[in-house]
Amino acid sequence: MIHLESDYNNGAHQTVLRHLTETNDERTQSYGDDRFSEQARNLIREACKTSDAQIWFLAGGTQTNATIIDCVLQPYEGVLCAETAHINVHEAGAVEFTGHKVIALPAREGKLNVKDLQAWLTAYFADDTAEHMVRPGMVYITFPTELGTLYSAEELKALHDVCRKYDLKLYVDGARLAYGLAASPDVTLPLLAQTTDVFYIGGTKCGALCGEAVVFPKGDAPTHMLSRIKRHGALLAKSRVVGVQFEALFTSTQPETPLYLEIGQQAVALAMRLRRLFVESMGYHPFIDSPTNQQFYIVPNDDLGRLRQLIGFEVWCPVDDHNTACRFVTSWATTDAEIEELEKKLGKTGL
Amino acid sequence: MIHLESDYNNGAHQTVLRHLTETNDERTQSYGDDRFSEQARNLIREACKTSDAQIWFLAGGTQTNATIIDCVLQPYEGVLCAETAHINVHEAGAVEFTGHKVIALPAREGKLNVKDLQAWLTAYFADDTAEHMVRPGMVYITFPTELGTLYSAEELKALHDVCRKYDLKLYVDGARLAYGLAASPDVTLPLLAQTTDVFYIGGTKCGALCGEAVVFPKGDAPTHMLSRIKRHGALLAKSRVVGVQFEALFTSTQPETPLYLEIGQQAVALAMRLRRLFVESMGYHPFIDSPTNQQFYIVPNDDLGRLRQLIGFEVWCPVDDHNTACRFVTSWATTDAEIEELEKKLGKTGL
Amino acid sequence: MIHLESDYNNGAHQTVLRHLTETNDERTQSYGDDRFSEQARNLIREACKTSDAQIWFLAGGTQTNATIIDCVLQPYEGVLCAETAHINVHEAGAVEFTGHKVIALPAREGKLNVKDLQAWLTAYFADDTAEHMVRPGMVYITFPTELGTLYSAEELKALHDVCRKYDLKLYVDGARLAYGLAASPDVTLPLLAQTTDVFYIGGTKCGALCGEAVVFPKGDAPTHMLSRIKRHGALLAKSRVVGVQFEALFTSTQPETPLYLEIGQQAVALAMRLRRLFVESMGYHPFIDSPTNQQFYIVPNDDLGRLRQLIGFEVWCPVDDHNTACRFVTSWATTDAEIEELEKKLGKTGL
Amino acid sequence: MIHLESDYNNGAHQTVLRHLTETNDERTQSYGDDRFSEQARNLIREACKTSDAQIWFLAGGTQTNATIIDCVLQPYEGVLCAETAHINVHEAGAVEFTGHKVIALPAREGKLNVKDLQAWLTAYFADDTAEHMVRPGMVYITFPTELGTLYSAEELKALHDVCRKYDLKLYVDGARLAYGLAASPDVTLPLLAQTTDVFYIGGTKCGALCGEAVVFPKGDAPTHMLSRIKRHGALLAKSRVVGVQFEALFTSTQPETPLYLEIGQQAVALAMRLRRLFVESMGYHPFIDSPTNQQFYIVPNDDLGRLRQLIGFEVWCPVDDHNTACRFVTSWATTDAEIEELEKKLGKTGL
């Protein structure tokens, strides 16, 4: 049985866990003022090629989204996103809890299209009643998206340009950033740092026990961030726990390749092997064309039972009376051996 | 140099860390539906002698306070507490962020006095304008308090009785509960379960990397707690990370003594040795008479410099022109050897 | 020049104003405990044929929506509505300010369709991840809608049935209720009282200086409404100011016809004369087919200038390169003479 | 029977009511963009001798406090006030509802003392843990206070100086400002404009049906105030209703004396006659020494019944077993004749 239900179904990458163990007994300052967190911040700054970046470590993704969006927006502003965005669908209203409207625009393969964004903004700023409406203050995108798809460098730059034009902040939710960076031909951490106002580097789904690293690449975070984060209940007393993990994730074992990127590369490579198996051997059609660690296939309902005996996966949605879209997720924890075994079982004869 | 600045200045207790390592590779459900969390919940139920308890695992203390207080209160209700309470002073307004007033009553040695509470409630309910005021919905106390002091079983029961009389919830913030239970002659987990509506068992300051266990001992938590917790940004995808740690903390190595209590006992024993050293050998006066792991002494300003070369500690507040109150905190991580060395250095000749 | 820009561009109906003057010097209790407010409540109960109704008087429409929605919803719940709904578009995020998501469904001529609602609810309750999403707690509709259209009695009952099935509250925003009741063949106050959980009778746009009457027809309002309303800043010290006005609005000058309905009938009759003028004499096409006091026509851009010299109106939106949708609003203050003059000027030769 | 229960127990001053009637039929823009509101703003600017002032009209006092405090504060900031302040006691938590802590300091005769304020600020800014606490962003005072007392010009300036020093906003709640200005030897509207950052001129208790005028004397209100106000549910569609009333209140019938000040003068003069009657003829002791329209006396319990047959008043609080503090409030509506009758009945023989 291979577990492809999610990328948050076990503990931490061995290197991360080992670093937690090695550093366990050292006494440090708390609330982020420790040498591990400081070193992690330096490594992230290096990887982003931006020495000015301000960085905070939070515990989880929804917490990070709600806290950062609320901190960056003016009270009367809302956040624009694709209708499939995590903040719009699967965060139990955490952003609205902080008093801000989530303004959903159409999604195309999980992505916010720059033309849709431009059209909405044109209409908003031409509207005489605009002051009675929620003012747009930020654009939120996920990289990769909830459907595993990726923005190209060109798309990111176009979104960035529109944001500049209308004085909006561009925020990237990188819950699965490792897998996105590994799969993208042209989006890198330095590019993210150049084209966004704030983004977070996901730890929980990319090798850590918990934790996300929020990066303000231009060093222009709101004032009093520690107070703001604490007010949202998001300040860890032992914030070092996240700092230590990110220190491990951003240490390079090979030149210029932090563990974080290695993790992404391995999971994406295995996802591509899975893709070949499903498409070529099983004859399944992709439900969506994802280049990252989340893979979506249209599975005949007749296959579901037998497939479940071999693989743990998630039913995504019905496609028609005879077929179901299913999600299969690789992660840093998926092994060559697991995929190989699957290939052996399914590669020749199918189910 | 011995580090007595705080009880959150390093990683986790060895047993907790070992359990994280042992369980690291097992694939489980997420969001708290894993076997480790379930086992931790069972162990906590046993330790509290209440089979009905509902239990959730959150990441940190301020988060837990703000989330639980907001979930339990009606929107128009506030929470009563001692003016020195953590929620009133040191949580950056996290409770008010959720829309609720913190109503501060006088503190006596860090404790809320049942007579002050009763007097306030009598006045409130006799007031013709009560509907224009924030209605009291909950009493919040810390055990031990921010000053290390403890409520007796009798005091807890008296607070509980007043809460019953006025239909208020009694909530205990147990950030340092291990140390309180170890030092108290009569307050136990089963007693807490009987006399409160909800309390949390602190992990971060008592042996865990992070994490707190919220206990509704009577099983009457509000509905849809998962949604409520997520809305507060407090739901961990890998909630098991906290579950695994609490499984370790509530496993007993000796009959009826979970690790959690052992941790408290050791730290309190060392705190009492420290107390003897400071009072008997150094001639310092307690600033407050604390039986737990937080110790407060009045240190002559002339001693501060030399003391700092031996001990890491926190300046609490000035006492007069010549003396300063200082806080010294032992924890599960403080060792016999550390205290012994201090005794050697200070025991005979003082500074 | 006839003013058809809005139905809130002057003071109060003469009868309402006279009643304010007559009652001005009488000393009463405050915060709604006065005899005028009590009498207004009784008259409204009679008009709704429901003796159990609980009624509160608030100052304005956005305030009423935000306050009532927040009071009725559980914290983790959101409110469903048509995407064109006032709360979704033109209240500057007042509902989200109270922490609740506005969940927008497709609008058909400004209306929420029961099939769209049913489909959304079916999908929500079938979704395994529903607990991570905002739970629906209420359906919000406007009567008449923002586009002047009306739900039929059958449509109201169908929405009510779906709400019962899924345990949702049905809330009707009646900012322009007088005009809706006057134009509807089958929706009456007693029907609204039977088919909704809460609705408000709009005063500001229907003859009052200010003020809206919130009706819980079944008498099951949340507890402590006075505190809840005050907490939202929505409790008027001289709440009687609204009570006096609603007493006038719900006093009948002819049998069974409160002034409130008369006001609606007159404005709708004039709107229908306007419609004939525009459609038959001018040859304009309706932009939307509205039976109420808000009329929308497609005006050739070439006509706009000359039309503006005769009529004050609002540009709604561009239709194509040569035509613009415009809104013309009658109200209790529009006179026979004004429409007659317009008919004289435009009736034969057009512009 | 003379009604001295409150200053919000009837309608509007005759001149105000007349102006509402005179202007009733004129069609204007809505949401504050009407000529009456603009003229009222100009008259207020003149009265305050500050041409830069920005002014908004809201409906009620609690609404104004919650909206303005939330708009002016940064999210992580709180508001300092005397413990007896209206926002701390009698607004049902409306300020906390917007997410801000109300930080209560000791009250001396209802007033915030500059020394207490300075001491608190010194301690706050010296505290190493200040970033974990709610940051002070504003000082709130009432003029007159809830106990009818007044700050002197010197006291106001001292508070202003401390606010400048610590970069805090000074906000004055003028719910009863007319009576305060009338009774003060040295505080004037121009002085308020010079020494505060924002204040409101109370209408509801000083001659209007409803409405308060918020003044930013230096013209430095936050951006997008219309959106912010609407988001709080505090924007009236017919905002002119308040504008018209303030136009009447700030029109002068005698040189340099707007009706607003006349109203205050008359009520205070009658309050002083009441004071002589109570102190000299009845031998009552003031409970608090108030120079304004709210008068507080210690009434023997034996007198309460007979006094109630002559006067409507409010029981404030018990003083001892035999005496009760009672509040007697004059207003713009109290007449010479009413006080004269009382003098006749009580002046010679007492009760």
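Order of writing sets the chain letters: A, B, C and D. Residues in each chain are counted from 1.
FYI, contacts are C-beta pairs under 8 Å (C-beta built on N, C-alpha and C of every residue); 3 or more make two chains touch, one makes a residue touch a chain.
Here the structure is a predicted model, which is why all the values come from computation and not from measurement.
S.K.: Select the chain at the greatest separation from subunit A, using centres from the mean of Cα atoms.
M.R.: So the farthest one, by centre of C-alpha atoms, is D.
S.K.: If you tally contacting C-beta pairs, which comes out ahead, A-C or A-D? Let me know.
M.R.: When A-C is set beside A-D, the one with more contacts is A-C.
S.K.: Could you state the distance in Å from the CA-based centre of subunit A to that of subunit C?
M.R.: 43
S.K.: Using mean CA coordinates as chain centres, what's the gap between subunit A and subunit B in Å?
M.R.: Here subunit A and subunit B have centroids separated by 34 Å.
S.K.: Any idea how many Å lie between the Cα centroids of subunit A and subunit D?
M.R.: 52
S.K.: Would you pick out the residues of subunit C that each touch at least 2 other chains?
M.R.: 76, 91-93, 97, 99, 131-132, 134, 227-228, 230-231
S.K.: Please give the residue numbers of subunit A that touch subunit D in the complex, ascending.
M.R.: Answer in residue numbers: 70-71, 74-76, 99, 131-132, 135, 224, 226-228, 230-231.
S.K.: Provide the residue numbers of subunit C that touch subunit D in the complex, in ascending order.
M.R.: Its residues touching subunit D are 3, 5-6, 8-12, 14, 17, 20-21, 23-30, 59-67, 91-94, 97, 204-205, 209-210, 227-228, 230-238, 240-241, 244, 312, 333.
S.K.: Note which residues of subunit D are touching subunit B in the complex, please.
M.R.: Of all residues in subunit D, those touching subunit B are 76, 78, 89-93, 96-102, 104, 128-129, 131-134, 315.
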